[in-house]
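Given below, in the form of structure tokens, are the structures.
One chain, subunit A, links the two complexes that follow: it is found with subunit B in the first and with subunit C in the second.
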Partner chain A sequence: MTIADVERPNPTPAPRILESKPRFSDRVFRAIVGLGGFSSLIILGLIAGYLFFRGFSILRREGLSFITSYEWVSSINTDGTLGSDPSTYGVGAMLIGTLVTAAIALVIGVPVSVFAALYLTFFAPQRIKRALITVVDLMAAFPSILFGLWGLYVLMEPGMYVAELLNKYLGWIPLFAVPVPVFLRSPFIAGLVLAVMIIPIVTAISREIFSQTPLDRIQAAYALGATKWAMIKNVAFPYSYSGVVGGAMLGLGRAMGETVAVFTVLNILYQANFQILLGAGGNLASHIILKFGEASEDEIKALMASGFVLFLMTLAVNMIANFIVSKTGRRGR
Partner chain B sequence: MTISTPIKPWRPTKRDYSFQIAIVIGSVIAAYLLVTNTGFEGRLPLVIFFGIFSVSALAILAGIRRGKESAKDAIMAGVAYAGVFALLLPVVSILWTVISRGTAAIYGGFFTTDMAQDPFSSPLDEGGIAHALIGTLWLIVIALIISVPLGILTALYLTEIKGPGSALIRFLVQAMSGIPSIVAGLFIYSALISGSGRGFSGFMGALALSILMIPTVARTAEEVLLLVPPDLREAGLALGATQWKTVALVVIPAAKSGLVTAVILGVARIAGETAPLLFTTGGADDTNLNPFDGNMGTIPFYIWKALIDGSPEAASRAWAGIFILMVAVLALFALARFFSRTKKVK
Partner chain C sequence: MSTNEKEDGSMNSTTTPASATSSSAARTSSLGDVATASAAARTRSEQPVGSGLEARNVHAWFGKYHAVTDMSLDFPTGTVTALIGPSGCGKSTFLRTLNRMHEFIPGAAMAGEVLLHGKDIYAPGTDVTKIRLKIGMVFQKPNPFPSMTIGENVLAGIKLAQLKISNKNDLMEECLERAGLWNEVKDRLNQPGGSLSGGQQQRLCIARSLAVRPEVLLMDEPCSALDPGSTLKIEETISELAKTMTIIIVTHNMQQAARVSDYTAFLLSDGGPGEIVEFAPTREIFTRPKDKRTENYVTGRFG
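Moving on to the complex of A and B:
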């Protein structure tokens, strides 16, 4: 039998038609998933739109003074009619309160978080590390009202003790001065509670960033005879600096928007209070809760406008933070 | 043949250990003496002075033996340990407080009665939390129905379709997970309740909670879906399956336990949210089985009301509510760990 006897197949089969057009089922699938995927965009847009729309009349009436003014006067008579004095709304004092309490939280919470993250990344044995990461995750899931209650019943006493010490020895600094010796329910203690609340997220992000330090550089530092701290200072910190800043900003966003814990701990008074040890102050979110109960229709609109301001502030802080973190780390949180 | 054991010169010797133990004991004694003989009182200064003494003694020892750099290293190691201590202190304190105070108000009928007949200041063996349990369960169920599909679809869009705007959506989902919970409540109030003639209801609260839950579910689900190896998707497509079939029959089953974890973490995120409910649910004291009509009590709102009331009985009730929330969150976490441990992407 020779080769020529074998029957050869048709030398050129008809070319198969290749289609890149998705099938009908795939098009339906993509449409549904796409719709769901854009839901977050739609929700964010609706939130901004509705709060702006409801608060627009107040924002237009007050103009820029809505943000800068320290006056929140709702003139409502007892029978519910509008009073003779015009109502005026300005959230300036509460904006300052928001920034002051958030700043205290950062000053206390960020160093604790960064050093805890350093311990978790470079010092802890594997088993302890895993347990501690679970604890941090769990802490992040504690409801905020729990932090509020804990702050009110447990943290208040040691917090006041520290506040009195600060006032006694550093009282000559205007920040720590107290005109009347009322240390109860001060912005300082609210800041302490907020610090505890932001520790989990800042720790989690910092740990993630630290753990991405390139191993070859760490080993190079050790090979050159560096101690652990020298390695951290010269390798880990420069590598992860901006990521840690981003994590701290995420914490800032959380601290600025916190409502229930601040309302529980702080003695909410509508005034711009820079004396952080004095028991009076507030933040924007707790102010909204406080006024919501007995607000008139006009005041509700002003509260919506406040909510809009709060939304924009936290959204901006979060976006910048996420941008920084994702630039540094693989993915942000 | 004998195998020589390797020498590990960097290992601490017995002498090093004895030095360390001596320093720790010495610092405890020194801190105790200092605190008892000066104006400080309480346990906190004791701990702080112990930390200062032991760290500086260790640093001096390291400095004498190995020089300045080593002393700095010892100090910073001490600071890192202090950081972990400062992280754990509040957690332990919170857990301890909740357990020790949370059980006072819990009695036999606590889970079967509501607060319709009893003010929050009534004796602790009257009234209960049944209405709030029912309300919270309703809210969680409705929030699950809304946000699980949306969250997982968002994750699928980011990982499977990778369509236009993926980067933007990922960015927005991250930003959305940081919006204050009060804003979610205000939004639902302004969009659906205020001026519409509709009153407060459980459904409104569930809508507000969904806004907070979607980003948590979406982000965790995205991470899980990214763990599914691309080979599986390619294998599915190579066998002639459409993308829809590949996702439904290959990708999602492979990531099932991780997706369950995502949902559980989402529930843990919203279970204790208080602020949005204050604007949306109305917080009833009597049992309301219909989430679409009328005020509805929830556990966070129950705690809130007890907190506002201010009497000692109400405080006990608030802690009992917190205790129940905490047990729920711990249970959810254990569940999530269980599911993520059995996660095997085949």
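Moving on to the complex of A and C:
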């Protein structure tokens, strides 16, 4: 006799469906906040859809070479009609430039931001703290054109000096090699400006996260004879890791999408440039604004396709970052 | 009588029990029996063994708020001292001045001296981290580090204070053993500290404090978040530890004070800053309190 044959005297009942009838006002409120909740998704979807729709013909024509080719030639006659030579559109150089400048911004900006956040959370006296937080917030609201102009006229000279030093002593590393001595308007300097631009947001988020470190753990560490640094390393960092990475990702998003500041500072050239000190490069957003003004009908479509690629790249970077955080960041919470 | 005693309660607190009145002896509470029994069971000398930790005229402030006034206490080596009193009487604040945890609160200030082996721990040029290694602390809420395993938690102090030790596993076992937790966790030292029950977590925190070999252990209501069974285990641990170190425990639970401590200080704030009303061997506090306010408190008439 198997178990199934036994007739159980008191079978387990099926779980009941738990529901309650919400009031009408509650349902209205729910609809309103739901609309808000989905609005960002809807707007993002509309934009991405529009970019894809407008750029689709170029993407199909160019195929993979749209993102691998370094050539961007728009062939138009003086009267605005399409030229006889076929146009060719490739944003490979701009893709590389986007990643290179954003990476420079992160490498420089994130450590500065984390140090700033640590100082504000664990070291600064109350009055200095309040003043500095205001300044950081103000900096976050600063228009990017001002950063760009400042970068062009003020940061360029010292930036060039640092670049020359790097090249002189670390020039044997391919990254810092410069085949022709053009140090002006390089990805390095654009990266510096971007670093300055992402510092406020990354600082603000990191500070918020650090300040949430549970007090009882901080006290436990101190009561065990921890120095401030030991406490930060063993208690604050494990707790804050995922949040700080999240903040850095927001900074990365801003650095990758930055248009005006890069457009102002960088010498936009359509060539693959990994030599960050050399004055040539560009990023996708600055490339769009550079070409947009005098673009033909055909080229506009290509720019839309560029925008779609930028969108996909930002999405991919964020997803990768989320993946990293979810794999490593939860243990310390 | 009461006005005089209010003053010498803190100044000259370890006077002989001879001055105790017969009327308060007649009101012997059942807590007194517990205190007598536990002290006898442990056969610990009532005489101070030596001056381990000493608080002299300690005051504490939070900003402008005067929380603790003029508290002087001597904590002899190898004894358990309980600090009892109603909420807001400054017992936790006083406790936190004893290993310089008080100053973490913004605006916190103190006056007076805290002497460890005769040296002021507030003296200029003192390395605070070294002070906290010698005077450990267990908190009200169990707070193991969630990013560390059980074993790592025990050795957290070694890592945090950057100490060098020869055999980590021996130390880990010894500390867990002394905290009465070894048998329960020896097979799962690699599991996260948060996987333990509340009472086990608190004993893990005690083991963690022991790993840096403190001479004094401060306990800030260590059982107030625990169930009676866990509380009993912690109390057994305290009695065991007191053989080799000085323990100062803040507690709201008078039975606990009676069970575990050799000396008891009754603290009170009558609107102003908290002060020591009476300090005496625990048995006397619970059987022959000299101050009317102490008697009212230990017999449960207020607080």
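Rule of thumb we're sticking to: the second predicted complex is superposed on the first by the 272 of 333 C-alpha atoms of A that agree within 3 Å, B and C clash if a C-alpha of one lies under 4 Å from a C-alpha of the other, contacts with A are read in each partner's own complex, and residues count from 1 in each chain.
Quick note on the criterion: a residue touches a chain if its C-beta (ideal position, glycine included) is under 8 Å from a C-beta of that chain, and two chains touch if they have at least 3 such contacts.
Source: prediction; values computed, not measured.
Contacts of A:181 after superposition: neither subunit B nor subunit C is touched. By the touch criterion defined above, A:238 reaches subunit C but does not reach subunit B. In the superposition on chain A, contact is made by A:230 with both subunit B and subunit C.
Contacts of A:220 after superposition: subunit C is touched, whereas subunit B is not reached. Applying the stated contact rule after C-alpha superposition, one finds that A:199 touches subunit B and leaves subunit C untouched.
Comparing subunit B with subunit C, the partner in contact with more residues of subunit A is B.
Of the two partner chains placed by superposition, only subunit B is touched by A:258; subunit C is not. By the touch criterion stated above, A:126 is placed in contact with subunit C alone, subunit B being left untouched. Counting contacts by the rule stated earlier, residues 227, 230, 332-333 of subunit A appear in both its interface with subunit B and its interface with subunit C. Partner subunit A is touched in their complex by these residues of subunit B: 42, 44, 69-70, 72-73, 75-77, 79-84, 86-88, 90-91, 93-94, 97-98, 101, 149-150, 152-154, 156-158, 160-161, 163, 165, 168-169, 171-176, 178-184, 186-187, 190-191, 194, 211, 214-215, 218-219, 242-245, 247, 265, 268-269, 271-275, 278-279, 300, 303-304, 307, 315, 318-319, 322, 325-326, 329-330, 332-333, 337.
By the touch criterion given at the top, residues 99, 101, 104, 106, 129-130, 132-133, 136-137, 139, 141, 143, 145-147, 156-157, 159-162, 205, 208-209, 212 of subunit C touch subunit A in their complex.
Contact residues of subunit A toward subunit C in the complex are 126, 214, 216-217, 219-227, 230-231, 234-235, 238-239, 331-333.
Remark: subunit A residues 22-23, 25-26, 28-30, 32-41, 43-44, 46-47, 50-51, 53-54, 111-120, 122-124, 132, 134-139, 141-150, 153-154, 158, 161, 196, 199, 203, 227-230, 232, 250, 253-254, 256-260, 264, 285, 288-289, 292, 300, 303-304, 307, 310-311, 314-315, 317-319, 321-323, 326, 332-333 touch subunit B in the complex.
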